[in-house]
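Once you scroll down, you'll see the structures, which are given as structure tokens.
Two complexes come next, and they have one chain in common, subunit A, joined by subunit B in the first and subunit C in the second.
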Partner chain A sequence: MAAPSRLPLLQFCSTRVFLLRCTQGFHGEPVVREPAYPPVIPSRTAKSKSAKKRREEDYYNQVRAASLVQDKLRLLTRLQRKKYVVYPQTFTLNADRWYQHFTKTVFLPGLPGKCSVGRQVVDKENGKVPPAAGGVDPTVLDENTFSELRSLVGNGILQENFYLKKRRPFLQKEQEHFVAPFLSNLVSSVTSSLAKYNPLLKMSSLDFNPEVSFYWMRGERTVPRGHRRGRVDPIRFQINDQPHCQIRVPEQLEEFLPLQESVSAEVPVVHFEPNRLPMFQRQYDNNIFIGSKVTDPCSYGHTQFHLVHDRFKRGRLIKGNLADQVEVRLRANAIASLFAWTGAQAMYQGFWSHEDLTRPFVSQAVVTDGQYFSFFCYQLNTLALTVQTDQDNPRKNICWGTESMRLYEQVKDGEVVGLNDDVLKLLVNFLLNKPQKM
Partner chain B sequence: MVIDLKCACLYLSRYPLYQLGNPQLRIFRTNFFMTLVKPGKEQPPDTVQFRIPMEMTKCDIKNYLEKIYSVPVGAVRTRIQYCTNKKRNHLNQRVKRPDYKVAYVQLVQQQTFQFPEIFPQKDTALEPGSVEEMQDQFMQDEQQRQKADPRRGGVTEWFGL
Partner chain C sequence: MSKVIQHGVRSTEPMLLVVQVGNAARSAFGNYSHSRRCDVSGRRFFSVTCALFGRGPPSRIEKKTVDIPGLERVTYADRMHYVPGLAKPVFPDWRRDWHDPHHYRGPKNEEMKLHKANPCYVFNQRTKILEGVRQALWLTKSKLIQGLPEHILSLAEDPANQIEDQGKRVQQAIRHSCFWDTTAIRPKRDRFCPVLLRDLLHLCGTLQLKHTSLSKSILAENYRVAALWNQESDVFQVRGLIGMLLNIMTPLPEVIQSGEVLATENHTLETFCPISPTIDLQSTYVYDQKNDTGFRDGYPYPHAHTLFFIETEDSAAKFKPEQLRAKMIMFAFGNALARAKSLYGEHPQVLEQPVVVQSIATDGRLFQFIVLQLNTTDLGPDTGVKNLIWMDQDQLLYDYAKCRPLIKKKAVTMAKH
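Take a look at the complex of A and B:
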């Protein structure tokens, strides 16, 4: 084309541009590009239900994406709101049904086959005959050790009740005065003598007066009054428990029942609000703690020992027309404490309500008031207790437990009368529990 | 103030202070009266609700029910309901509605109690062929005639032809 003579300056400085401009006019292949629109998702900040859902989804994704367990726990427990405080040792009536409802637990009387007295260890190669029911397995524990344990226990009882000269304790301090030192003595001595039979106990950690706490949400309610009126809120619970002592181990115990197996018993459903139990609400720090921090190597639980407080002793309950509540309260104590402990252990491994457990968590507990002992086993199968996650969740947590059994009848003239061997055997079985591969 | 233990008018006196060695305090023919009421909010089946005089305590309630009515009591909880002082009468004076104490008593051994229906709901089914039934039918037809055409979608008859 004829270059115009009116543009001499352009010719010198921008010939290349001129050429480029010319080439664009040529006919060539049209460049086909797909229109790239951003995804159509609801807003984050609008006052709408879809925006609220999006904010919740973003929060859950944030928790899932957190790499460290401490960050996950911090994100889940950061927001403080009014929550119901669950006390494992409670004065309320029929608390075990309510606690089963709050923790989605099924209670099965008796102990699972593994832990019951007369634990059968059949050696398939040698074809050994299992021991008679009611006996301790002779391949694991021989008579000498058992009689040693008996004398240890008897000495412990006599030490507190007979040998030591003690002043009369002040009101409602009898348990602390007489039974607490006996229990510490019992646990430490029996554990150390059984350590040679159970290598897990050699690597375990025995804590005295540890703090166990757990925070979870179950069910929903509409806020009736206040500036948040009308909003649907989950009902929050917190347990702050102080067992007398507990054993934490670095390896997890084996499950009693496979995770997918369903139990025929039903979880009791209570349609009333928790404040009718009565249970009271408070707002404070949301804690999740097993007794040691997240980085501790012993992050799984083995056995807890609970001491019944003076207020809830047998004698007082029978005097107050509440004889049937004795067992109920022991069960409530075990369910609440063990749920808190196993739940906290699971959260330490990174599971939470939207990332449910892939393996069950198992722990044991012994609740005692000095003379009567009851044994409980707990298997945590699910942490998904919120309304959203519970809709298609067939799994239930399971608690096994015994009635309370007397360890000894009385202490008379420097002798322990009526020392019950079955209780000791159960205790030994509990402490000898270890994963199969060890 | 002399406290006559036989006819204890407990509204005007405190209980005598107990010191070690005193005999057991016994009260015959109390002045307390408890009223069983229907709970306003849904209560668990083993809970019974009472309105009690302000001076009664939890121990009093327990002893009252056990000794006089032989009803074993598990647990008692009380609260005081404050009633309004805001209402005014025709002379613009504030009128206080009296406060009252409420007790929630939990029964033992899984016993339950359901407050009975004192005013049962009556089925208002009119006899066919009676005068009331014809009148009722006539009123319903009148109301149907007075209603506007639903096809107009709530628009009044002012607009239109």
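Take a look at the complex of A and C:
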């Protein structure tokens, strides 16, 4: 360790030596000095890209710092701009691919193992069925309960279609006239019967005609003309959905797949602008709503029931040469509605695009037109859909779904012909879904 | 003057005119005299192009043609134009040979197939009768007992019959319907009233764990009931589209045994002279005599359990509590009578097995409860066995449900929910 030598004054004055002296390491601990001036950061109000970035950063920090969820939601939805309104039940063609692109969802046909195979109906004599592959303990439903449910469902169908004397419905009100009361009866009676097997249903809240809405941003576009021409804007979307009824629970459902697990299927990418679907823009209140406000204890979703509107009924589609669109529209409905519901649930817990989910949010849906039922499960893994947050995000949202299955063939002379037990079993499985610890 | 489509229903009686106007307009112009149009009796205006509150087209008062036999009237029919001094020609009625809905003149009341000589007094879902419960008691030949029957009260008090955390769950249901159900600050009454009822019914549905007999019930919506009876030489009917009915497989047990039922013979019905008991009921000469429960034969849930009445968007159907109780009584009675007649026949008789029907009405905050036991279908004479009604009125579910903070003298007195 060389001691600093005493150099003559002349040498000290020369710059080269001065540099040499300065580059020699100082001995002892490095002295930490407090910065005398604040950090040099870009301006807030200047008309520059760095100022814009700083304003955005400040905004994100403000949202992160908000303590209450209501404040966070308010900050995220305060500013109104033109946004694309996404309708879950839509007349557009091949909407399911577009909706998958907007919500970064992968569609897997069939249901996850937990819902489809696990639970079976067993006779009391034969004994229990061994547990399913997923390791989930199947709840055994006895024959008596299942046959009671069958008769409940059969009576519900008969009441609306045969026994209750009704006038002829007005044009395009057949679903509301015949099917909506049957669906309400079905849901309330089956939920009440299954409450003894699923304690979650005892604490649940059943809403009829709730409003579910969600607001998010995905992708960017350059403004083509006008005084803001050339500027890059995020593309905003809003869903305002009204399912026929939904079950909300105070505890979250278990995930179907772990969060980090990657799925082999790909999210379809659509290179067109959303208005080519066609989808139209409007500007109004940005709402994020699961069906009730943040203060409601039942803030997680269980199952939604959707009724297909008269305009999109199977018969009409087949008559209009759109028979292949039947399943497509059911899928589009499920993807859009479930994404909105799970997204809103996640936002109620404080997650948003820059604070991504730490646990997946799971919900189920049944889409029906009275006779045909299709079942869907959705797992929300990520809310980070904006261009900035999506760059290194490997996670995708997953939607499982079945094809539409007939519950019954027809109603003839006071009898339901061809009641399909498999559909009932799937419905029962859906409603019996609960977190493992319960 | 734009074209007014007139459906001339010529009736000999003055008709109640229905002016087709929205609720806001009706409330705003409620005091305006659209009496101009009401002066024109027997005409209904369905046009939406011209002003609904304006003066209608002038009524044509046609001069009667005096026909003196033997004297030929000299008319200007041959001249093809009006000539002063000559009589107006009378042409035979011309009828279009195809049905044009825009120029359809309906048949007169007397020409209709269902025209009867005696009027029928109909109670429908919009009727608000003047004397309220008293009038309903006279019409249904019943005796009123304040307070619900004991066995129902004991069922309610029994802790085994209560839902888990009942107080907390009911409070949550009230908060959900009153505050949390909408993105706005508070939902409107016609939104929160049915939501509250559905939430409470869902809570009651969870009781199925303990009482499996509750699974033998089903809700029916939007069904039409019709019941007919003769009372003191007048024909009465109850007709209407009801909100919700809970049907069950087995009938409700009778509240009071037959011994005490016979004791009601001594009770006299309260009359309210000079007001006629048929006041405010819709009187019509064209009616169909039928008794209909609203369901076909073979229905697996033939017995009525409870009727639910809730406040809806229809502003004409806004009821004061007294009128609402009267409506409840009348419709419970109508249901019971229709079922009794289908079970025991049309002949008026004292029932061995009384029919019991319950009813609950609410406007979101006030609840009214009624239990009706139909002992007799013999409603003609004033004397004899009476029907029984137990009533529990004006029960508040909660005192108030407020969500906006109340600021008085710069101090916040109530926190926001």
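Here are some notes:
Heads up, the rule we're going with is that the second predicted complex is superposed on the first by the 381 of 438 C-alpha atoms of A that agree within 3 Å, B and C clash if a C-alpha of one lies under 4 Å from a C-alpha of the other, contacts with A are read in each partner's own complex, and residues count from 1 in each chain.
By definition in this document, a contact is a pair of C-beta atoms (placed from the backbone, for glycine too) under 8 Å apart; a residue touches a chain by one contact, two chains touch by 3 or more.
The structure presented is a predicted model; accordingly, all values stated were derived computationally and were not measured.
After overlaying the two complexes on the shared chain, residue contacts for A:F272 are found with subunit B alone; subunit C is out of touch.
In the superposed model, C is the one of subunit B and subunit C that contacts more residues of subunit A.
By the document's definition of touching, of the two partners only subunit C reaches A:E148; subunit B does not. By the touch criterion defined above, A:V85 lies against neither subunit B nor subunit C after alignment on the C-alpha atoms of chain A. In the superposition on chain A, A:A66 makes contact with neither subunit B nor subunit C. In the superposition on chain A, A:V263 makes contact with neither subunit B nor subunit C.
Put simply, subunit A uses no single residue to touch subunit B in one complex and subunit C in the other. Considering their complex, residues 164, 172, 175-176, 179-183, 194-195, 198-199, 201-202, 205-206, 208-209, 214-215, 218-224, 292, 294-296, 298-301, 417 of subunit C touch subunit A. Partner subunit C is touched in their complex by these residues of subunit A: 148, 152, 155-156, 158-159, 162-166, 181, 184-185, 188-189, 191-193, 195-196, 201-202, 205-208, 210-211, 213, 285, 287, 289, 291-293, 295-297, 414.
Residues 42-44, 46-47, 72-75, 77, 106, 108-110 of subunit B touch subunit A in their complex. By the touch criterion given at the top, residues 91-94, 272, 276, 278, 320-322, 324-325 of subunit A touch subunit B in their complex.
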